[in-house]
Structures are given as structure tokens and as C-alpha cells.
Amino acid sequence: MGVPRKNTAMTVQVGILGATGAVGQRFIQLLDGHPTFELAALTASEASAGKTYAEAAKWRVNTPIPDDVAEMKVTATTPEAVPNDVDLLFSSLPSGVATEIEPEFLHEGYVVSSNSSNDRMAPDVPLTIPEINPGHLDLIEVQRDERGWDGALVKNPNCSTITMVPTLAALDQFGLESVHVSTLQAVSGAGYSGVTSMEIIDNAIPHIGGEENKMETESRKLLGEFDGTDVSLHEMDVAASCNRIPTLDGHLENVFAETAEDVTPDEAAEAMREYSGVDLHSAPDQLIHVFEDPARPQPRLDRERGDGMQICAGGLHETANGLKYNCLAHNTIRGAAGASLLNGELLVEEGWV
Amino acid sequence: MGVPRKNTAMTVQVGILGATGAVGQRFIQLLDGHPTFELAALTASEASAGKTYAEAAKWRVNTPIPDDVAEMKVTATTPEAVPNDVDLLFSSLPSGVATEIEPEFLHEGYVVSSNSSNDRMAPDVPLTIPEINPGHLDLIEVQRDERGWDGALVKNPNCSTITMVPTLAALDQFGLESVHVSTLQAVSGAGYSGVTSMEIIDNAIPHIGGEENKMETESRKLLGEFDGTDVSLHEMDVAASCNRIPTLDGHLENVFAETAEDVTPDEAAEAMREYSGVDLHSAPDQLIHVFEDPARPQPRLDRERGDGMQICAGGLHETANGLKYNCLAHNTIRGAAGASLLNGELLVEEGWV
Amino acid sequence: MGVPRKNTAMTVQVGILGATGAVGQRFIQLLDGHPTFELAALTASEASAGKTYAEAAKWRVNTPIPDDVAEMKVTATTPEAVPNDVDLLFSSLPSGVATEIEPEFLHEGYVVSSNSSNDRMAPDVPLTIPEINPGHLDLIEVQRDERGWDGALVKNPNCSTITMVPTLAALDQFGLESVHVSTLQAVSGAGYSGVTSMEIIDNAIPHIGGEENKMETESRKLLGEFDGTDVSLHEMDVAASCNRIPTLDGHLENVFAETAEDVTPDEAAEAMREYSGVDLHSAPDQLIHVFEDPARPQPRLDRERGDGMQICAGGLHETANGLKYNCLAHNTIRGAAGASLLNGELLVEEGWV
Amino acid sequence: MGVPRKNTAMTVQVGILGATGAVGQRFIQLLDGHPTFELAALTASEASAGKTYAEAAKWRVNTPIPDDVAEMKVTATTPEAVPNDVDLLFSSLPSGVATEIEPEFLHEGYVVSSNSSNDRMAPDVPLTIPEINPGHLDLIEVQRDERGWDGALVKNPNCSTITMVPTLAALDQFGLESVHVSTLQAVSGAGYSGVTSMEIIDNAIPHIGGEENKMETESRKLLGEFDGTDVSLHEMDVAASCNRIPTLDGHLENVFAETAEDVTPDEAAEAMREYSGVDLHSAPDQLIHVFEDPARPQPRLDRERGDGMQICAGGLHETANGLKYNCLAHNTIRGAAGASLLNGELLVEEGWV
């Protein structure tokens, strides 16, 4: 294909790779009632193939399974098993599995918007947030050249990265030089069974394997320059400490940012509030909501803003060398299924689907 | 008195100002079985005066009230009401009340080891951790000259400060220049009724009034130089973000430290492990325990180490400009009652009592 | 007035007595977008009178304050301060205050649908759940005769009572003789500051003052016979044990019911599912949802069913002498503000407003 | 052997089958410093055999691994792998595994005090609590006759059963006829990974597979009569509803008991307080502590009483047909490892070891 074209069809047939897991369930919840995406394929492990979705999935989202989805048949996660007319696939496969399976679909020409963590830092894979770096999608050209794929693979960043990066993007006009960030992450980020109750009740865990590295590298790629061939990482230093705490949903983060130019808390708040959004169905009207109340944002009170797609910020203060502030996003919506969905909407809008 | 003298008496009569509150209860628990301190006075509000301690206090510690304490009479919080032979007072009064009442006792010649937050940054009030800056006690001479007190007022730092400062003290040999710290603080730090369950279950609050300022200033005083007359604040920059999370006890903190000299994580761990302790009854054998396991320390698993008096650290890693690591202390023992108690033991050891 | 008349006006002007508290906030949330009730009065303590609602209330519900409500002026809680054209008042005053103040409004002719616990067991005060005992509303005639009020006072039961009584009503066709019930109640039932985090994290409290008596008496009044003059209490024995647990919303209850006639779990489930609802705006389509999955209902997963107004049941099993099962309701919606609102809708429907 | 004999040796060599799991870790904690039991064997799965205990176990108890235990070698769970001089084995194997493996040890002549749930209701297996039915141990004679074992198998009841049965035993002098019980059970009862955080934070689960049946049957065996050959189940009816709540340790239970004779709450409290204990090392001085405060016992405040081996009760009240009250025990100490340990001490005392 090579040349992007505008999609003019009213309806896009979509599928979910790994549809029975926690993120898969969120995809189904978010796709319910979507104006243009029509759910046409649900894949899972061989053991689930042939069952109805209601039989195959242990549904744990707090809204009921949509009736039509409950009766859909689940297929194996292979290109042969997926109907030919599916235009766009969302992937929430475990990264180990995704590494093997996503390329099979790409060879067959599928466009895949993936939440899996594999290949996010690969030079020819766009890592995108539609409001931040939509232009990186053009890496797909490079990707096709290098890999010989007819399809296209686009990744969204890790949930802890995506919580912070919109606020950094808003501040980058002042010249970001150094970022220190500590996270207070919800247990849902580890998947349904990722954190046992014995581990986390009356406790906190100052370690999430691989998470700090993801924040430190993905954020620099997201804010990096794309010259048509390569994305050069942003030059800022990022140091992250990641913690798991006893909250269900919503990652809260403390950011300390140092910029080349002086910036007051008011100017920073203004920059965040005015940071432009995108006109896509699942995007919030305003990308970043900034609270005046220094005790906000809080996970339970604020994670649902903008249907879980808005970034919240607050507590802006000067430090000796820059600014400190807090930010929050819903980790399984804006930080996972919603992120892939929004990338899917961008892929359609930009004509890649 | 002016000149410090070694206390040679076997027993020191001690009292607690504000004995019925949460920190007061911890004092009683920690003093139970103390080899040299004998509890001789318990004060509370006028309303409680004349009652037995068991009647006056709503006991919430998970060990029973010591039998002899249960039957002691509570007095009002005035110098007249306290027996003359009390040598040392521990204060856990609310800071607003302490501002008024502590000076009354000091005028009457009492030595007060206080956990209340008032006057911690006053130039003539020693703010001490026995293992860190015992020499600052000599500020008592200045204090007596300036205020005309016969007694002596010594403060311990805030619970969030005391969790971090021992690790910083160990690193200061490499020339501390800049510190960023995020805290994950337990609800007990706000007092028994300070955080409602509706506020904190499935949530986190990125704001604790005044806490960040305490960390940013107290830490610089604790590590400051004392020239016999003044304590000059340490020159490092400290920026803190403080959060309340749903844990009962134990403050966990993420520290990012930049030093003039390069220091590897191994060297930093070594410096922490070897940082010397003090030979006082309530002090742990080793001040700082450093974990190899990157997932430790954790509040519930590690807060009781050294009977709640040891500092724990772990997760040491290099960053672009320095180090990051995590530290933990029991906020109502090492961070409050135990801190005052240890200062009291130092006051006796150094002859001020 | 004496004789009920059908209300034919399209819009009913309503007010909230005690509008700034936790239940008051729920009233505002539930009234937002109500098809016939128009919010026209908000009362609070003298200290709040004259402020806008946004200033007077510390808003803690997880949806924003409706814009028009935010700007409304709060008045004192006196008949003089409330606009004359208000037709119906919802009361969420503390019961001690309500005992004094509700009669003042009743003397002035206001119809009050009250969630406050005072007077629930008074012989001339209807205690109603619209789906269970709507006919008890006619006690208003008795009430007016006895008290000389022009207005009318209707109460809804306590949150723990209302969770269980619909299931009992469905089983009463089999002749209820004895009920044992244990409750697992959410912290919101005690009000925003009623349960501190130190009390309840990693804990449970097997005592809620007065709660057991409420369940034991209110349930018998709700299921009692009304002969036009008196409500005779249902003859069943009820024994309740009430516990507070660390959940935010949703009371879960274990019921053991003994009936005169044998009834199988299937027959009981059928009776619950078929128990008829009412055709009022805030009523759920089906009063009781019965789960097949023995692990349901669960507070977090099921409390929002029917917008928080449906009763859930599950786990039906035979015992030696009867049945056991579990039930659940949202305690601050179906169990408080939603209960009063539904009674208000019934009052309008039946012509008392 | 057949005839019980008094053990006169000072030291008993003990082993733990399934030593690396959660209950296995509790055994090790409880055996540390035991005056007569010397730990001589630790078994686990084949994969762990040959490793040191520190390598094989993921230690999660909040006291450090005893130094000598850390260095012990773990063996496979087979009679051949266990040293011959081991006198007594504690079993905390999963019940499916225990069904296969315990008989192998019994054939080889080992005495096994087992916490595993298999065979608890077998007619020839003593199910004992030393303070309640020590005489049931003599079933070992029957067991040896029937099974041809040289060893002996003794079981302790399920954690939820053992919490309630001591209070029932104390009341049985008044003629127990009917018991209804609801439980609020801690997550540790399901093992370290048994309950995920996503399942239980801000939630409760009204179902624990098989648990209700265990309470309903085991309690009747424990209080049953042993005639030298058979244990006849107690005739009382028991109906149980079991719930999981977000507490870490400590099962709280609401009991409704009906007795043939009238009994007042004071008489019941007296009967509980005076119920006689046993003179074994791990037994509490008083079996049942009865609180006056109706809000006690509470899991976090009271589970550690008597080093986790005391039963707590409170909230005694009359009901229409009997009594209601609450009871509590530490589920992994008195309800699991401590229960087996105490049975082991009884086996030694009675000469079976």
C-alpha cells in the first residue's frame, strides 16, 4: 500500500487478539456502542477455541457482557482462524506470546494496534499516543520496507508511561532536561491475578519488574523527533521509581521536572490545560485536566474522568531547580485498552486501515 | 546547670505530656520494661485529670495496657500537676497546644524531649537523631542563654524526615547536592482519626499539609554544621512529594540523590550498612539494614525490624546523575515515640538530665 | 387535606434538609436529571446559610456537582427559610436534629420523606418501601389526626433492613417464622467520617450501635399488617448480628430463614425473581436479581445494578430447618437517598403531594 | 504398639511435610524455640529436594527464618527421604496430595499430626482439639486395627470450625440444639496466593468452596461422643454461611445458638471463661477470653492474644430463642499450624509418640 489513504467506509471490522484476559475484557467494554468499530473476531488460546465468549471468559468487569458478544464464538489466535474481512486487530496478548504471534498476522497484512510490551522500542515500530506524536505513524513505511510486511504494527506505551508523558509534552516547550518520577500504581496493572491480596493489603511494594526501564525509555521515544526515517530519543534524563499500592485502578505519579527555561506553576498549568487534543471518538475533549485543589487528583475520585481517557494533574509547585506536580490516569483504560483503541481510531483517520 | 554532667543515677523518673493520644500510647508501650526510665507522670486535658489512665485513654495499641500504668492517675498538663521528682518529660502534645505549654515546663526547669512539630526549625532548639547529629544537643546552652530557661527543649524530626535522613547521612561523605523524594505514608501518621476510611480505601492522596516543607527543611538542619553557636543548614536542595496510602504503619520513600562524587550502588549500600549506630538502649544494633531483594523494604514485612527502630533501605540503582533507592521506617516508633525516647536516652547519657 | 389526590402537575418542587452531608450529596446526584422533581431548596446548618452549595459542601461523590446546584444558595434548616412553593422535602438530617426539626416543617404543612432514623417505629408514622408496603402510606391520615399536622411524615428503613426485607417479603408467602441474619456492612453507612481508616483496614468490627435493633424491629413493621388504623408487627422472630468491614459501598447479608411451609431453594429463587416491582421512575425493572453463581452477589461487582436500586440475592441452599441465602444492596442509594426518593415518588403518585 | 505409653525422652524429633508453603512456614515459626520439639526434617516437592530451606522457600512470615532452619536441606516428601529417627510429622500438604502421601508415612509407622482436610470425617481418624475432645485420640487403636498401620493419623479441624467449637463446647452443658453461624474470614485462610487483590479490595465474597460443609460436619464430630469404637456426631443442627473479607489474618464469626435450657448471656460468658484448658506448652492459659466491650473481638486487635492460640468471644446477647455472640481466632495459628502442633504435644503427652 505504501501511501496512506483516507478510510471512507462507515464501519471498520475489528478483532481482539487475547480477548478473554483483563485487557481483552476492557476492549469489549469500550467497543460496546462504538460508532464505527464493529467487533468481528475474538481470539484466545486453543483451549477456548470454539466456545462462546461467555463460556470462554471469566468476566470480571463491573458492567455485564454485551449480549451479542456473549454469544460470539472464540477462535484460536492464528491468521487462518480470523475472518478475512477484519480490518484492524487489537492485541492484548502477553508479551512473550505476542512476540511470536503478532508477526504472523502482520505477514498476512493485518493492521495491529497492540498493547503488548514487546517491540515498543524497536526503531521501526511506531510507539504513539494520538495527542502527542501522531506523526510517528509514518514509521509504518519504514517498517514495511524493512520487514516486508503488508500489515502494520503500532504500539501504545506502558500504562505508567502514558500517565506522565502528556504532562511532559505540555512542558517540553520550556525545554525538558531532567525528570524524576515516582509512581503509585494500582493492582489491576498487573492483571487480574498479578498481585495477591496477601502481598498488598496494608502494604506497598517498591518494585515492578521492568517498569522503571519502560518509563525511562518509552517516554523519550514518545517525545523524540521523527525525521521520516528514524525517531531520535528525546535528550532529557528520566529516572523512575515504581511502586505498587493497594488501589484497584488508577496510577498516581509524582513528577519532578527540570526545564531549560524557568516556568512558574501557573504557566505550567496553563500549558497543560491548553495542550491540544485530537478529534477522535474515544479522545477526551480536553487532554489534561488540572486541579486547583492540591489534594487532587486521587485515584478513586478522578480515574473515571473523560470516561477514563483524560489525564489529570495537580499540586504544581516550584522546586529549587524546576517544578513538581502529580498526575493520574486510568491504567486499564487510558493506560491499556483505551490507548490501543485510540491508536486504532488514528490509524483509520490517517488512512492506514 | 549549663555544664553537661554524666547522669549516674540508676533510674530516671519520666513523664508523658499528652499521654492518652496515639503517640502517648506508643510511649507507654515502649517504656514498658525500660531498664532505666520509670514512668512517674501522665498528663492529659483537664477533662481527664483525676481519672485512672485506663479510664482516660481509649487504648488502641495491640498489646494490653501495662497493669501498673492502667491504674496510674492522669493529671492536667501543667507544671504544678506534675510531681517534682520527674527528671525528663516526653511530649506528644498537638503542636498548637505544645507551643503554649512546653515553655511553661521549660521555665520550671524540666527537660523536654518533644515529638511535637512546633519550634523544630527554631535556631536555638536542637533537632536531633542520636545516630546522626548528637552534637547538636549543645545548642541547649544557647537556648538557655537566649530564653532564660532552666530546662531544655529537644525536638525530633517529623516521621517522614527521619525515614530518609539516616540514608542521606550515610551518603553525605560523597557530597550530597540534590535530593528528590516521594513518600508513601501510612495512615497512622495522621493520628488515630486523621484519615477516614472513605478517604483512603482504594485510593491515595497526593498531599499532606505542611509535610513536604518539613522534609525539605528539617533534613537540611539535621545534616547541618553546628559551630557552637549556630546550625547552618546543609546546602543540598531537597524537593519532596508526600502521599498518603492505605497502609497502617510504616512510611516507604523513594529517594533520588545526586552527589558531587560518583558513587556506585554497591558503595552506597556499603556506606549505609556501615553507618555507625549509638550505644543507647532503644537504638538498633545496626542503624540501616540494606536489602538485596529489590522488592524490599515493604511496610508490612519490614516495619518491625529492630523493634521498629531500624531504618531499612533497598533497590539501589544508578541514575543519569546519581542514585535512586527506597527507604522505610516505622512511623510511630522510629518516626515518633521511639525518636523522642531515644533523644531522651541521649540526654541522660550526655548528662543533661 | 385528608383525602389523597392525584398530582397532576408535571413538576414537583423539592428540597433537601441537610443537603451538605453524605446522604444529602447522594440526593443531589440522584435528583440530577430527574424527570419531574426540580430541586428548589437546599438547607444546612446556620453556618452554611447564605453560601453557595459549592462553598458550603465538601463534595465527595465521584461525579461532579451539577452546575446549577453548585450555584444555588444554601438556607438555614427552618420552615421560614424554605421557599413556599416547595412541595416535598427529603430529610437526611442527623436523627438527633431531625427529632427537633422535622415536626416544625410538618406543622407548616410540608410533606417530608425522611431517611433519618427517629420515629421510624412510631405507630402513626408510615415506614415504607414502595414495592413492599405502599398501603402503609395511609397511616398519614392517622398521623394527621393525632398530631394535628397539615403535612405528612414518611420514613424509609435503615440501610441494613432494606437490604434484607425485599427477599423476606418474597418468602413470606411460605410463612416466615424465624430469621437469623449477619451483615457485612460498608463504611459509607457510617457517614463520611464515621469509620476511621485505623479502625477498619485489615480489620472488621462486630458491632454497629443500635443497628441490630433496627433490623429486628423495622423488618417486622415493614412486613406487618395495616388495618387502616394500626400496623401490627409481623410475628416472625428476627435476630441480627451486624459487622462493619473494609468495603466502601454495598451491604452484604447472610440470611437464614425458617418458614412454616417447606420451600426449596429453586422455589425461593423463583419467588424472589417474580416479586413484583412498582412503576416509579427510580425503581428498578426487577426488584430482586437472583444469581446462579454461588459466589455472587459481591459488593464491588454488584452494588451498582439497577443504578444502585436493585436488590441482589444468591447462594440459596437448604438448611436443616429452612433456607440460607445472601443478599446485597447499595447502602447509600437503595439504602438511604434512593429509598427516600422512591418514597417521594410514591407520595406524588398516590396524591399526597 | 497399641498401648499408649508416656514419652519420657526430653526431646522429640519432628518433621514437616510440605514445609515451604504458608502453613509450613508457620510451623517453622512456631517450632522456633520449642522446649521439646526439635526440627529434624523438612519436605517439599521433588523440585525443591536438595536445596537449603532458604533457597526452597519464598519466606513471607514477618519474622526472619531461624538461622539453623535456613541452612537445613529440604528432602522429597517420601518416607525414604525422611530420617529414621523422626518421631512425629506435621503435615500441611494440599489435601489432594495428602490423600496419597500421608498413608505412605503411616504404613511406615510415622505418627502424623495433620492440618490437611482429607479424612477429617473418616470414622477411624481422630479429629481433635486438645482442650475439647482429647479422648478421641483413642480412635487410633481402631485406626490401626482397620488399616494395618503402625503409625497414627490425627487431624485438626478446619480454621473456621476451630474458631467456633470451643465456645460451643462451653455452651453444650445447656444442651445445644441449633447453631447458625456466619463467618468473616481472612485471606490468609486461602493460602498465600489463594485470593487475588482484584477479588477482595473494596469487596467481600459470600462463598468459600466446601467451607460451610466443613463447619457443619466437623463441629458435630468434635462435640460427639466416643464410645471406644465410634464417634457419634452431636445431634445439634449447624447451618453456616462463609464469607471472605479483606483482612489478612483472623477469622471473626457471628454465632446464634439455641439450647435446650435457658441460658443468660452472663451465664454463657461464665461458662466460656471457665472452660478448662490443657497443660501443654502451646496452649493458652485460658482457652476463651470473653470481652465486655461489645465491639470486640476484632481481627487486627485480638488475633495475637495468647500468641495466636486463644479463642476470643464477645457481644453476648439474648435472642428470641437463645443467644448470639461473636468469636475469633487466628486462622493460621490456632486454626492451622498451631492446631497441629498442639495435637502433636497431646500425642506426646498421651504416649502415642
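Labels A, B, C and D are assigned to the chains in the order they are written; within every chain, residues are numbered from 1.
In the analysis below, contacts are C-beta pairs under 8 Å (C-beta built on N, C-alpha and C of every residue); 3 or more make two chains touch, one makes a residue touch a chain.
Everything numeric here is computed off the predicted structure, so don't read it as measured data.
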Problem - Higher-contact pair (C-beta pairs counted), A-B versus B-D - result: A-B
Completion exercise
Computed over C-alpha atoms, the centroid farthest from that of subunit B is that of chain C
Exercise for the section: With chain centres taken as the means of their Cα atoms, state the distance from subunit B to subunit C in Å. Expected result: 48
Fill in the blank from the handout: When centres are defined as mean Cα positions, the distance from subunit B to subunit D in whole Å is 42
Fill in the blank from the handout: In whole angstrom, the CA-centroid distance of subunit A from subunit B equals 43
Exercise for the section: Could you list the positions in subunit B whose residues touch two or more of the other chains? Expected result: 60, 201-202, 246-248, 300-301
Completion exercise
Listed in rising order, the residues of subunit D that touch subunit C in the complex are 178, 180, 182, 184, 201-207, 212, 237, 239, 241, 243, 245-248, 252, 254, 256, 294-301, 314-315, 317, 319-321, 324, 326
Problem - subunit C - residues contacting subunit A, complex - result: 60, 62, 201-202, 300-301, 304
Completion exercise
Residue positions on subunit D within touch of subunit A in the complex are 60, 187-188, 192-202, 246-248
